[in-house]
Every structure is written in C-alpha cells, then in structure tokens.
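Across the two complexes that follow, subunit A remains constant while its partner is subunit B and subsequently subunit C.
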Partner chain A sequence: MLALLDGVSYAGLLFLVALGLTFIFGVVRILNVAHGSLYACGGYAAATLGLWMGQGGDSLALSLGALLGGALLVGIVLGTVLMLLLRQFQDRDPILQLLVTFGAFMIFEDLQRMIWGTQPYFVSDVVNQMGTSELLGVVYMNYQLLFVPGAAVAVYLLLQWFLRRTLMGRQIVAVTHDREVATAMGINAKRVAYLTFVVGAMLGSLGGALASPTTSLVPGIGADMIVLSFAVVASAGLGQISGALIVALMIGLARSFCVYLMPEMEVVMPYVIMVLVLLMRPQGLFTVAQARRI
Partner chain B sequence: MFKRTAMTAGLFAFTLASLASGPAFAEAKPASLPVGITTFMSGPASVFGMPAKEAAQIYLDELNAAGGIDGVKVDPIYIDEGVGGDRLLSEYRRVVQEQGAKVMLASISSGNCNTLAPVAEDLKVVNILWDCGTEKAIEGHQYQYIVRSQANAVTEMVASVLYLLKMKPDFKTIAVVNQDYAWGRDSWDIFQSTLKALKPDVQVVAELFPKFGASDFSAEVSRLQVLRPDVVLSTSWGGDLDTFVRQASQRGLFKTSRFFLALGESSLERLGSSLPDGVLIGARGDHYFLEPRYVNDPKHKAFVEKYKAKTGVYPIYSVYHMMQALDAMTAAYKKAIAANGGQWPDEEQLAKAFRGLEFRGLTSPVTIRPEDGQGLEDQLFGTTTTSPDYKFKVLKDIMIVPALLVTTPAGQATPEWLKTLKPELLDKVSLLDKQQ
Partner chain C sequence: MRYTIYGAVALSVVVLGLAAAFPWLKLPLILALCYGLAALGIVVLLRAGQISFGHAMYACIAGYVVAYLSQRFPHLDGFALIGLGTLASLVAGMLIGAFVVRYREIFFGMLNLALSMVLFTLLGKFYAYTGGTDGLRVGRPTLLGVELARNGFETALLVLVLVCSLLVIWGVQRYFRSSAGEALMAMKSNEMRLEYLGISAKKLLWQGYVLSAGLCGLSGALFGLSQGLVTPEMGYWLRSGEFVFIAILGGSGHAVGAFVGALLYEFLKMYAAVLVSGAWQLLLGATLIVIIYFLPSGLTGLLRKRRAALGGEQ
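Up next is the complex of A and B:
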C-alpha cells in the first residue's frame, strides 16, 4: 500500500515529461533529445518565478501561478526556438534531426549553467502551503500524494478531450495518421506541427516545474529525465499517449516496490521493464500493427 | 696521450664528485609554471568543482601578484572532469605533454583519481590528489609522484563513527541512504566495518542506495518512517543530499530518527531552515567557515571575506581542499628550492619535497606522510543549531578528530586495520568545548 502511494507521484512527473516527448514524436516524427532541457528549464523558471513572486507573502495561489507560469513561459519560448531550428532540417535524415536536438540539448545545458549557476536550486513554498497527511502511520506531503498525480491525470484527460473534441485536436490526429492526406484535405500541417511542438514542450516543462518544489535543480537533471522518458516512450510505443501513462505508472510503482522489497534493483528497474517489453514486443506495448503501404 | 686521458678522467671524476655533493642538475627557472587543475565544471559535481575553481583563481591571483613561486608566476590550466573518464584522460595527457604542466591537481572524483594516478606516475609529473576520497588511489601502490593534500575516506568515516558514538552512544539501529556509486558504497563499507568494531550490537535495518542524481526519495522516506531507525546515515552530497533532506524534513522524518550527514557542511547554507536542529554534520576535514580555532585567524578570516565578496556565499569543503592543495604545492616548491641550493627543482626533486611536507591551508596544519604521500588532515564534526546571525544552521558541539588516530597506518591494508579498532578509541577524542 505504501509503495503504491510512493510510486504515483513519481509516475505522474515521469508521465508528463514522457507525454510531451511521445506527443511531439507522434505528429512531427522527431525524437526530441532537447526535451530534457525543457524539463530542466521548466523547473528552473518555476523556481525563479516562485522566488520572485513568493516575496510578497505566503500565498498558495501565487506559488501555483509560479509553477504554471514557468512551465508556460519555457514551453512557448524554447518550443518555438526548437521548432524554428528544426524547420531548417525538415525532410532531412531523421538521424540528422536527432543530432540537431542533441546539439540544442547541449547548448541549453550550458545556458542553464550560465543563467542559474551550478549550485542546487530549490523553492518549496507550495509544498509547505499544501501541508501533510498521515496514512498508515506515515506522513505524506499532500503536494506529492494528491496534487502531482492529480495534475498528471488532469493533463491526460484534458489532452484526450482536446484531441477528440476540438477542431485543432482532430487536425492533429489527422496529421498523425497521414500527413499527406491531411494536407490534401486542407489542413495546415505546418501550423499543426508548430502547435504540437509547443504543447509537447509545455508538457515537458510542466514536468520540471512540478518537480521543482521537491527536487534540487542541478546541472544534468535534464539528462536523467530524458533517459527515463525514453524508457517510458520506447516501452509504451512511440506516439502512444495512454500507453505512456500506463508505463510511467508501471515504472513508478516498480521503483517504489523495489525500495521495500529489493533495494538493489531500484536503479535498474525502469530499464529491466524496458528490455523485457522490447524483447516481447519490439514495437512497444501499445503500438497497433500498421498495414504496410505499398 | 696518457696525460690527456688522465686529465679527462680527472675532470670526469671531479664532475661526478661535485654532482654527488652539490645540487643536482638544476633546472632552468621557467618563465611561468603551468599547473593543470581538474575540477567539475559541468554536471552535478560542479557544486563542488566551481567553488573550488573560484578559490583557485583567488589564490593564484594573490600568489602571482606577490611574484609567484620564487619569482615564477603560476599559470593554471583547468580541465573539466565532467567530460567523462576517457576524454579527461586524453586532456590530462595533453596538458602534461603538450602544454608542459609541471604539477597536476587531480581530482574530485575518486574514479578519476584511480585512473589518473598511474598515468601521472608514468608521465613523471607530480599529481596532487586534491579532493577525492578513495584510499585505494594510494594504498597498495608504490607511487613516487602521487601525493594527497587531504584525508582519505577511511579517516573521514572512522572519525564519523567516533562522533556519532560520542553524540548518541545508546543507539541500537541504523539505516543508510547513500548515492549508488563508488563513494556511496565504499564510504558505507568503511563506516559499517568501523561500527562493527566499535559497537557490534548495532543492527543495520536498511541499506538504501538510490540512483545518483535521484529526484524523488518518497519510497525511501516512507520506508524509513515505517522502520524508525535510531540513526539515519547519509554520505550523499550536492543536489541529492539537498533533495533527500528537504523531502525527509517536510515529512517529519527528522523527528523520528537522528540524522548523520557526513558531507552536510557543504549543504548548510543552501538548505537554510529546511535542515532542523540536532543533525550531526561532517565536513571532510576540519573545514568550516566558523571553525572555532581559526574563525579569527587572519589568513582564514581574510579569505572567507574575500570569497564571500566574490561569490556571495561562504566557502565549503571543496574550496578548503583546493586552497590546501595549492598551499601544499607552494610549500613543496619552497622546500625543494631550499634543498636544491636555491635552484629551481626538477620533477623528481619536487616529488621528494612533498614527502614529509608540513604545511597549512586555511585551517589546521596538514602533514603529507613520507612513506606513501597520504595527507593527514584532522576532521571536524558538529551538530546543527539555529543562530540569529545566519539564515542557515550553524554548528555546535564541535569535535575535532586528530587524523593520526583514525587513518590506516602506512603499509597496512584498511580492511585488516579496521578490524583492529577497539572501543577505547572513543576515549581519545572529546568535544572541543570540553578540551578547553
């Protein structure tokens, strides 16, 4: 029971970041290595805004505003920068595009160091403002126990509603299925790609922003998260949104069960899951077999 | 013909005799002294590396402004340890072989020290192990050019156990939460072996090694809340330690267990009020900006003020280690020059000068053991308390453990030596205020 409760918060953060990664891949067909930087910058921006806005007093609304504001700001700015950069390499070899995002990741890492330095960054006002709860004799932070998993589920539901019920969402789904046919039907694929990239970037930075009140932001934090997100996305199947949710939950829970039952396995568990999944289903757990186009 | 041969032989004999009695092959004094310094300028360990680099710059600016070492200005060449082992190794070789570095300061990472020490020996360049903890970098080797200007992990961990036993002698259970890499594992092995020798009745209830760079310790904190160990030990550092402490503090774990943070000194200022009172703290040496014996020492005080003015924060242990290594280098050059009749020494003479060297960094003097080049550095511990003068916790109940008491003797193997420790060792140390 305790392991379940411990696993959901981590799974929530992992899901948000992996969701952004898989969402972008689903539409733009680019595996964005710089997504790790979006996570890190989202966290740093939220912490900076939190410090700035928190000076006024002890307000939960201000703290939440800082988290959301940091995520939106980074998502829009860095998402746009990345999209403009990748447009220069449109229709080129996917490996080249991957390398471009890797280059961008390295540049963003250096920028983070220039802006925020190397000392750990941390603003935890929102955690204190939300208080704690006691379950089975163990004290939990409401922020980790309720807010982060709640935010992840809310984002998932909102995204599903957006994709299924709105015109823009349906256009995104159409481009995901077949870019050429969608373009022939009058959909502005370029605009859809831009919007997807920015939304995906915002999800990555939201993951970082939500992690910032409980995690020390240090150089290299983006690299750790991108590796784990890749494990989630590869296990779920590229472009699979619901799959990413389930696999993130699997990894989060497996990790916390390990701490209770086999602490030695905690570090490798996400990768064990990935290897087992890929051995059984190389296309990922939730990828539907596609008819070959002749 | 015979006369000329005899004269030549006589000249040869005279030359040999003068070489044997007088200064050996004096090196020409160089225009500048290139010194390679490896430090983390990227990655998580840059929390130590960048402050140390700032300290090196302050030290060398002052040294060079005062004329350098015997009139030779020191020219630092910084190498980023964050680039990874292979690239670091090639950079290290390049700095020695192409840029002509005569002294190398390497490194922060124990893994890098283990890799670079044999390379330095091979290149015949003096390498000062300036911050890494592993005793294995020196123990069991017969190096000529490798010296360490600070303590090793054995000194630090054995001294840690002594402080823990001094402050909480009646504890029955302990849990460890260390980073999952060489330092986290090795430091726990030494700590546990020492504990077995000094207090064998203690039960280890959990050994947790979360991923290096972990962002979430929820499961670890929950498990510790269930187990309720008397003591929670962590030798973690940087962002990992900060995250663990904050999450544990927010969930009240400090109320049920006594924490011992062996590298906690480096996080005091960053953690601010998140760190509760009563936490046992180690400093990897006697490094603490409020070190009671040196807080008003002119050299220490002036440096702390200068460093604070430059960086906005107080110096942490890696800063002290860097200053110590540079002071060791300067002292060794002075010793070697004096031994060489005022002439500039070659690498071999410099390496010899380090053996048995006594020097002072910013706090208490350090001796480099003549037998193996290991530094003997005292260890400071304290307990967190709130101070009206600072926005973060400061230390009370300070204890300084003399290095000689807690360091594996030269020529002995650590695992065997640890087994010989006796509980009476505890009687040889006491809190600073009780010594006065």
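Up next is the complex of A and C:
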C-alpha cells in the first residue's frame, strides 16, 4: 500500500518531465538532453524562491507560489535560451543538434553547481503546511498523497483540453504533425514552435519544482532524470500524451515496489521495463504503426 | 595511405619526444592515448551517423575485468590481462550490439546511455565484488615475464600504448577503406538505398558497434593498468561525453584525428584544471558547441577541405 502511493506520487513527477520532453521533441525533432538540467534548475529555483519568500511568514499560498514561480521562471528563461541556441543549428545533421543539447546540458550542469553549490538543498515548508492524513493506520503527507498526483492529473486534463479545444492548441498539434503543411495553411510555425518549446521547458522545470520539497537537491539529479524520462517517452512512443501517463505510472509503481522488495534493483527497474518494451514494440507501446522516424 | 603514414610518424614523434623531454608527462600521455583509442571507437559509429552516450561502459567493463583478474590471479601477465579485458568488452559489445543496432539516432544514443547508467549503478551497489564507489586496485603485473619498477613500467606501458594506437590506426583505416567501411559510411546518407543494394544495415552497424566496443575495451584495459585503480567513474556518462567530445574535435575523416583530438584535449584539461577548476564541464560544453558551429567535421575535416582544394588527389 505504501509502495503504491509512493509510486503514484513519483509517477506524477515523471509524467510531467516526460511530457515536457515529448513537447520539445515535437517541435525540434531531436531529443533535448538539456531537459534534465531544466528539471534540476526548476527544483533549485523553487527551493531558493521558497527560502526567500518563506521568510516573511508561514503561509501555504506563498510556498505554492514559490514552487510555481520557480518553475515558470526557469522554463521561460532556459527554454528561450535553448530554443535560440538550437535555431542556429536548424539545418545541421540531427546528430550534431543532439550534441548541441548535450553541450548545453554540460554548461547548465556547471552553472547550476556554481550558483547553488554542491551541498544538498532541502526546503520542505510546503509539505509541513499541507499537513498529514491517516490512511489505514499509516500517516501520509498530504503533499505526496494528494498534491503531486493531483497536479499531474490536472496538467494532463488541462493539456488535453488545450490541445483539442483551443485554436492555439490545435495549431500546436498541426505544427508538430507536419510543419510544412501547417505553414502552408497560414500558421505562424515559428511562433507556435517557440511556444511549444517553452511549454515543454516549463513542464520539465515544474516537475523539478514539485520534486524539490520531498527530495534533496544535489548535483547529478538532472542526469538521472533525463534518462528516466526518456525511458518513459521511448516506452510510450514519442508524442503520446496519454501513453506517457500510463507508462509513467507503470515505471513509478515498479520502482517503488522494488524499493520495498529488492532495493538493489530499484535503479535498474525503469531500464528493464524500457528494454522489454522496445524489444517487443520498437515504436513504443502506444504508437500507431507509421513510417519509421527513428 | 599517405596520411596514415604521416599521421603515425607525427604522432610517434610528438609522443616520444614529449615523454623524453618531460618525464612527468608520461602518465598524461598514456591517458591521452587511451582516450584516443576510445574516441576512435566513437568515430567508427560517427561515420555511420550514430552517436553513443554510453560507450564508457565498455572501457569500464574491460577495466574491471583487468582489476578482478589481477586480484584473483596475481601472476597473470600484463599482456594477458589486456587481452582478456578487451575480449570481455568485445563479447559484451556483441551481445548488447545485437539489441541496440535495431535503433537509430536518439534511441541508439540513449539506450547506450541507459545501459551504461545501469552498469554504473550496479558497480556502485555490489560492494562485495566491485569495491563499491572506492573501486578496485590493480596490481602492477609483469610484462612478458619481466618485472618492472614504477618508472620502467610507465615507460614500457607508454611504448605499448603507442604501438597499440599505431596498429589500431592502421587497422581501422584499412577498415574505413574496405567495402564494409565504405558501406558503413553510406548508412549515414541513405540507409534504405543500402538495403536495396542487398546489404544488411543492421549487420553492418553491428560490425561497427563491436569494433567500437573493442576499441573502448582496449582503452579501458590500458587505462586501468596505467592508473592502478578502476572506479565506477570510468563508466559514468561524463566519461562517455568526453569520448564523444574528442571524437567530434578530431573529426571522422581519418583515424589519426581521434588521437590528435585526445592529445589536445588532455593538455586543455591540464591547464583548465589549474585555471578554471570549477567550470570544467562548462568549458567543455561551450567548446563542443563552438566546434560544432565552426568546424562540424572536426580537425580532420580541415584536411579533407585542403585535399579538395588540391583537386581531389588521394
């Protein structure tokens, strides 16, 4: 039971980050390796804002504001920087573009170490403010039990509505699907691509921000997260939003059950799932068969 | 062929000259050549248009095999250790390769990364066998039955690494010029056309993958011997990133490129460690982006441009 709830909470984070990765992949057609540092920086920024704003008083609204504010700030700033950088390499070999994001990842990783140091950061005001609740005799933190999965589901529903029902959302779908045709239809593809990229970046840093109160922030979390979220995206199939949700749940649950049953295997579990999925369905679990893009 | 000879002679002169002039440079030179060997492995894949972010795992596998064997069988000769270490990586490359060659580009790169992370974590966790994050010590073995003191051992190892590098340059260049090597190059431009010609792209990439795993393994075995210590860091993604960096710096035009890149890289690192110790990754990342922007085919790309200017003469 404990494992189940832990897993759901973890899956929520994983889903947000993986979703951001899918979004960015949709516009630039390459995997953004620097996504891991978006996650890490989102976490750090939220923690710093939390410390800074939390000095005034002990209010839940302020702490939540710090989480969201940190995520938005990092998403917009780093997202714009990355997008501008990648635009310089638009017509190059995809491999070289991939390497550019890898270079950016290395830069961000060091910048983050310079700004926030190597000491673990831990800001858990929100968790305490949200209180705890008892379930079947075990005490849970409301933050992990309700808030994180709730946020993930909210983002999921909001995005589904946004992408299907609004003009902007439909434009995003169109540009992601086929940029040339979308441009021919009179969509400003450049603007839409930029927006999608920033939304993706914000999702990544939101994942980091939401993770920050319950995990200690240390250098290197970015690298772990990029691989994990890639495992989710690859298993679900690139561009599959609902698929990402399901696979994130699968991996999150499998991971936390591992923590309880055989702790040594915990880190390996997501990869095992990914390898098994890719062995059976190289295009991912939820992709409808199509012309090979990879 | 002409460039191979020029390159090989230049490389030997530079390495041996520096080692003779500054004996303290011996170890950095050995390490640089080891990096070059591994980077050459990346270059092989780069020619097929693929990139791996996890090839340090093969260096790591070979290094650990060498360390483990030297602890279990202290009388094993250095050559046997290197051979067995490389063999282990080759076998691992064959098995893993059979799986990863079904994927391209991002998937290829990230699957390698994922596997190397798994290895890295496992090495850190299974303390009883691997010594955890402290790693394993590698004793100084005999070389061809001769027991050497520290200084003599380093000199012998330098010569050994250099000879290995030269042989590898010659062999890999032969492979690049062979029909299999040329076909591998064609994978980058149009894989489907290759399939229509009746060549299996998977099989081709598998061959290249095994070769690159072997090269990384050789590098790891030599690296472990010269350091006297193997740690999980040998398989960390940052190490793989360094290999990729050197491969891009050297370019995929010629096998010598990887070694030139590795020497440059090692010296850059030595100075950077003194000047900007905290921002090493930052410098690396920024340089990588700059190289890709201005010199997308690396140092050996310059060579090719010159050759084209001279009228395509081989």
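Note that the second predicted complex is superposed on the first by the 285 of 294 C-alpha atoms of A that agree within 3 Å, B and C clash if a C-alpha of one lies under 4 Å from a C-alpha of the other, contacts with A are read in each partner's own complex, and residues count from 1 in each chain.
Note that contacts are C-beta pairs under 8 Å (C-beta built on N, C-alpha and C of every residue); 3 or more make two chains touch, one makes a residue touch a chain.
Not measured: the values here are computed from a predicted model.
Colleague: Kindly say whether there is room for both subunit B and subunit C on subunit A in the superposition, answering fit or clash.
Modeller: clash
Colleague: Under the stated touch criterion, which partner chain does A:I221 make contact with: subunit B (first), subunit C (second), both, or neither?
Modeller: The first partner, subunit B, only.
Colleague: Once the shared chain is lined up, is A:V155 touching subunit B (first), subunit C (second), both, or neither of them?
Modeller: Once the two structures are laid over each other on A, A:V155 reaches no partner at all.
Colleague: For A:V267, using the defined touch cut-off, is the partner it touches subunit B, subunit C, both, or neither? Pick first, second, both or neither.
Modeller: Touch status of A:V267: both partners.
Colleague: What is the contact status of A:P94 with respect to subunit B (first) and subunit C (second): first, second, both, or neither?
Modeller: second
Colleague: Which partner chains sit in contact with A:R255 here, subunit B, subunit C, both or neither? Use first/second/both/neither.
Modeller: It touches subunit B, and subunit C stays clear.
Colleague: What is the contact status of A:L5 with respect to subunit B (first) and subunit C (second): first, second, both, or neither?
Modeller: The answer is first: A:L5 touches subunit B but not subunit C.
Colleague: Quick check on the superposed pair: does A:E109 touch subunit B, subunit C, both, or neither? Answer first, second, both or neither.
Modeller: The answer is both, since A:E109 touches subunit B and subunit C.
Colleague: Check the residue A:I24 against both partner chains and state whether it touches subunit B (first), subunit C (second), both, or neither.
Modeller: In the superposition, A:I24 contacts neither subunit B nor subunit C.
Colleague: Can you tell which stretch of subunit B bumps into subunit C once we superpose, 4-12, 112-120, 310-318 or 346-354?
Modeller: Stretch clashing with the third chain: 112-120.
Colleague: Take the contacts of subunit A with subunit B and those with subunit C, and give the residues found in both.
Modeller: 109, 113, 224, 264, 267
Colleague: Help me check something: in the complex, which residues belonging to subunit A touch subunit B?
Modeller: 2-3, 5-7, 9-10, 13, 109, 113, 117-120, 122, 124, 127-128, 132, 137-141, 144, 211, 214-221, 224-225, 255-256, 258-260, 263-264, 266-267
Colleague: Could you list, by residue number, the parts of subunit B that touch subunit A in their complex?
Modeller: 42-44, 46-47, 49-50, 180, 206-211, 213, 215-216, 218-220, 222-223, 225-226, 238-240, 242-243, 246-247, 250-252, 270, 274, 313
Colleague: Show which residues of subunit C lie in contact with subunit A when the two form their complex.
Modeller: 46, 49-51, 53, 99, 102-107, 109-111, 113-115, 117-118, 121-122, 125-126, 237, 241, 244, 248, 278-282, 284-286, 288-289, 292-293, 296
Colleague: Any idea which subunit A residues touch subunit C in the complex?
Modeller: 30-31, 33, 85, 88-89, 92-96, 98-100, 102-107, 109-111, 113-114, 223-224, 227, 230-231, 234, 264, 267-268, 271, 274-275, 278-279, 282, 294
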